[in-house]
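Let me begin by presenting the structure, written as structure tokens, before commenting on it.
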Amino acid sequence: MGKLSSKDVLRSDQFSKDEITLILETARRYEAAVDAGEVLDVMKGKVLSTLFFEPSTRTRLSFETAMLRLGGGVITVAEARSSSAAKGESLHDTIKTVEGYADVIVLRHPQIGAAKEAAEATHRPVLNAGDGAGQHPTQSLLDLYTILKEQGKVDGLRIALTGDLKNGRTVHSLALLLSNYDVSFLFVAPDALKMPREIVEQVKAAGVDVAETDDLATAIREADVLYMTRIQKERFEDTAEYDRLKDAFILRRAMLSEAKSNFTIMHPLPRVNEIETDVDDHSGAAYFRQSANGVPIRMALLALVTGRA
Amino acid sequence: MGKLSSKDVLRSDQFSKDEITLILETARRYEAAVDAGEVLDVMKGKVLSTLFFEPSTRTRLSFETAMLRLGGGVITVAEARSSSAAKGESLHDTIKTVEGYADVIVLRHPQIGAAKEAAEATHRPVLNAGDGAGQHPTQSLLDLYTILKEQGKVDGLRIALTGDLKNGRTVHSLALLLSNYDVSFLFVAPDALKMPREIVEQVKAAGVDVAETDDLATAIREADVLYMTRIQKERFEDTAEYDRLKDAFILRRAMLSEAKSNFTIMHPLPRVNEIETDVDDHSGAAYFRQSANGVPIRMALLALVTGRA
Amino acid sequence: MGKLSSKDVLRSDQFSKDEITLILETARRYEAAVDAGEVLDVMKGKVLSTLFFEPSTRTRLSFETAMLRLGGGVITVAEARSSSAAKGESLHDTIKTVEGYADVIVLRHPQIGAAKEAAEATHRPVLNAGDGAGQHPTQSLLDLYTILKEQGKVDGLRIALTGDLKNGRTVHSLALLLSNYDVSFLFVAPDALKMPREIVEQVKAAGVDVAETDDLATAIREADVLYMTRIQKERFEDTAEYDRLKDAFILRRAMLSEAKSNFTIMHPLPRVNEIETDVDDHSGAAYFRQSANGVPIRMALLALVTGRA
């Protein structure tokens, strides 16, 4: 049994550096096997239950693909609201029931802490696919895997996180996960949407160098990796301020002339308009490759937590 | 070909004692195989269609898991209302169409008799997963299987059915199925929700001893198996009577002190509050194991009716 | 690699006669294998994504069954409206994302041209499962396959298309596809719903003989194959005209006495009342067999476009 066997995956900061390395190497191994046309039967005869209390088609399909690519089967609850929960069943009871069907459970839930509550209810491994404003650890791991694949390394990189750093679950989790490496950060946001002080302090305490700016051009010039997120109108009390700021955080192809030659552009998707489509054919536009990297990462996690990797 | 090959599963009272024994033994065999980590390919290359005209996530997932554990594939219509039926297609035509895709069909429908109508439309086996206030035979079979597993036998047991015995499809079907065995019944309900006379007469005609009470404590003291169901407020014309009665039919841990040492507590789930959560870690609290038993029972039925067991 | 490898399937008029023959022969081969109880693993380890931006349960289940019968896996978005598209994501981005999961994509979309747009976004093969009033090429191919199976040939047949020929996507596509063969057409419709002139001209230009009538009895007497479609009330400006006409286009068993002995009756389904149920046990009532033929045709297409047939 591997070291992650029977473990839950609840938070992006739960893993030791060794565990992170194991996940990344397992993902790399499965990705190579699929690319080579190998048919895997790691999970043959096993069943994954996806249980989505709020819809997230992208995340659901990525997990289901991962299970199918490992030779396993999938039972799906794409919209759990309309099911037993509607009849007044507690999350505990729902999980105890699904435990009777599936070998491993993927949960998406609108409430912070739901994944932890689910994990406590069952001896089956639970993978957190997002619990409201809480954690979404498989997203952070696929982000890290993408940086490693695109740049060939993680240590030594200057990584710019930009957009709504105040409210963005994705950038908080990624910043903490990357603090396991010898990186430096550039946090790029308007004043109203700056990275929370506690995240900045936590990252600095881990020995990571942090700079902050509200200028996207600086980030493009200095960074190896630019991680874009969306600025949402509804986050601003003052609509006029939103209108003034939003254009400063839209990435256009013309802005990339001063970027490094092996510049990497990431985004958790879906994008609306914060990256213009003329950026898509830039060699460093990695966001669709990033999305595809969710499959090998989730293959690795499914196989590791069930002790079959 | 086995004796259930090409048969439909429509009612819990359709089976001979020999057929019931065959189903239970087949379920036991598949459960042991899965527990031993065997990968089954009994249904390899075959396709199950689940067709749910009303949502029942628990039942759907249990059937789908059963098919996957047998190595088969599944096509799902989780909410058939929004499909062809909405375009005015008859159930007959829907079934004739699905017959062109699937080797076996699981139907859930809000109308009594829908499963029979479906079975008459097709030469494929149809499994009734609940037709309104009608039948839900796979639930009764998994209940029976649970009693057998928990108690090691069925003959000789005193079985208490409690809750809304007047309207409960589940308890009616189970009472009739258990009448194939040498059991005695204790029907525990308030006057307004007593077991219908025709069920009592049918059970007695089968030679089963029946007693009735409205006192849950008596049942706990006397019975080997206590089968709980919910008392629903909307069943009472007089709300005050509901408020007076409901507490008398809630099971609490403290009430179990006088129970037999190998007492078994069952419930078809979902529960709302009729079994308090402090009962869950009682060794006889079997309701989540009962739910899990749906998988081997449905594996047995799927394999038997397709002639592959 | 076969000649259709890596191709998209977007329009029923995209195929050469050789390609049509290849598809029909591949379908026949897979159908024979399934009928013989063979378990195919042509698509083992591969993943199909069905992506339905409007519901079409029949078409979705047929494609999913086809993939499962080939040994592949399926990820499903049965109602894509409630997913990322609702967050403002473009079809291009959705397809680029799904490309990261699946080996082949089936798209149903309410807008004409959506399948073509999807195909241009990805290097994965895209199969058009209906794009609004546009094309539905797999329906036309299964219609053709049905005629071939029911009649043993296509050349030399007199084929009557009837119902709403003005607005019917299905009959337009089928007429064009059949123009590859030495057939003659009888277009049977009320004046208000006649076949569009451009389709008639295109068919004639391909060398096919065309006659038109508004009399269903003539079609039954003369044709080898009668293809029924529905006349929808909402197509008529004048409701009185609808009421006058509708009965003339309902097929009843008594009307078949003058039909040829090997007469074939087809319908794309679902029917509402345009074929009375007493027609169903006529030996030539092929509409449910026609629906079932969708599976081998879609097996053939999935295997051919992924280069695995």
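All chains are identified by letter, namely A, B and C, in their written order; residue positions are counted from 1 within each chain.
Here, a contact is a pair of C-beta atoms (placed from the backbone, for glycine too) under 8 Å apart; a residue touches a chain by one contact, two chains touch by 3 or more.
Since the model is a prediction, treat every value here as computed from it, not as a measurement.
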item: Rotation, 0 to 180 degrees and nearest 5, that superposes chain B on copy chain C via CA atoms; value: 120
item: Residue-number overlap at the chain A/chain B interface, same or different (half cut); value: different
item: Distance from chain B to chain A - Cα centre to Cα centre, in angstrom; value: 41
item: Of all residues in chain B, the ones touching two or more other chains; value: 76, 78
item: Interface residues, chain C side, partner chain A - complex; value: 44-45, 47, 49, 73-78, 80, 82-84, 87-89, 92-93, 96-102
item: Chain B partner contacts - residues on chain C that touch it in the complex; value: 34, 37-40, 55, 57-58, 61-62, 64-65, 68-69, 71, 76, 78-79, 269-272, 277, 288-289, 291-295
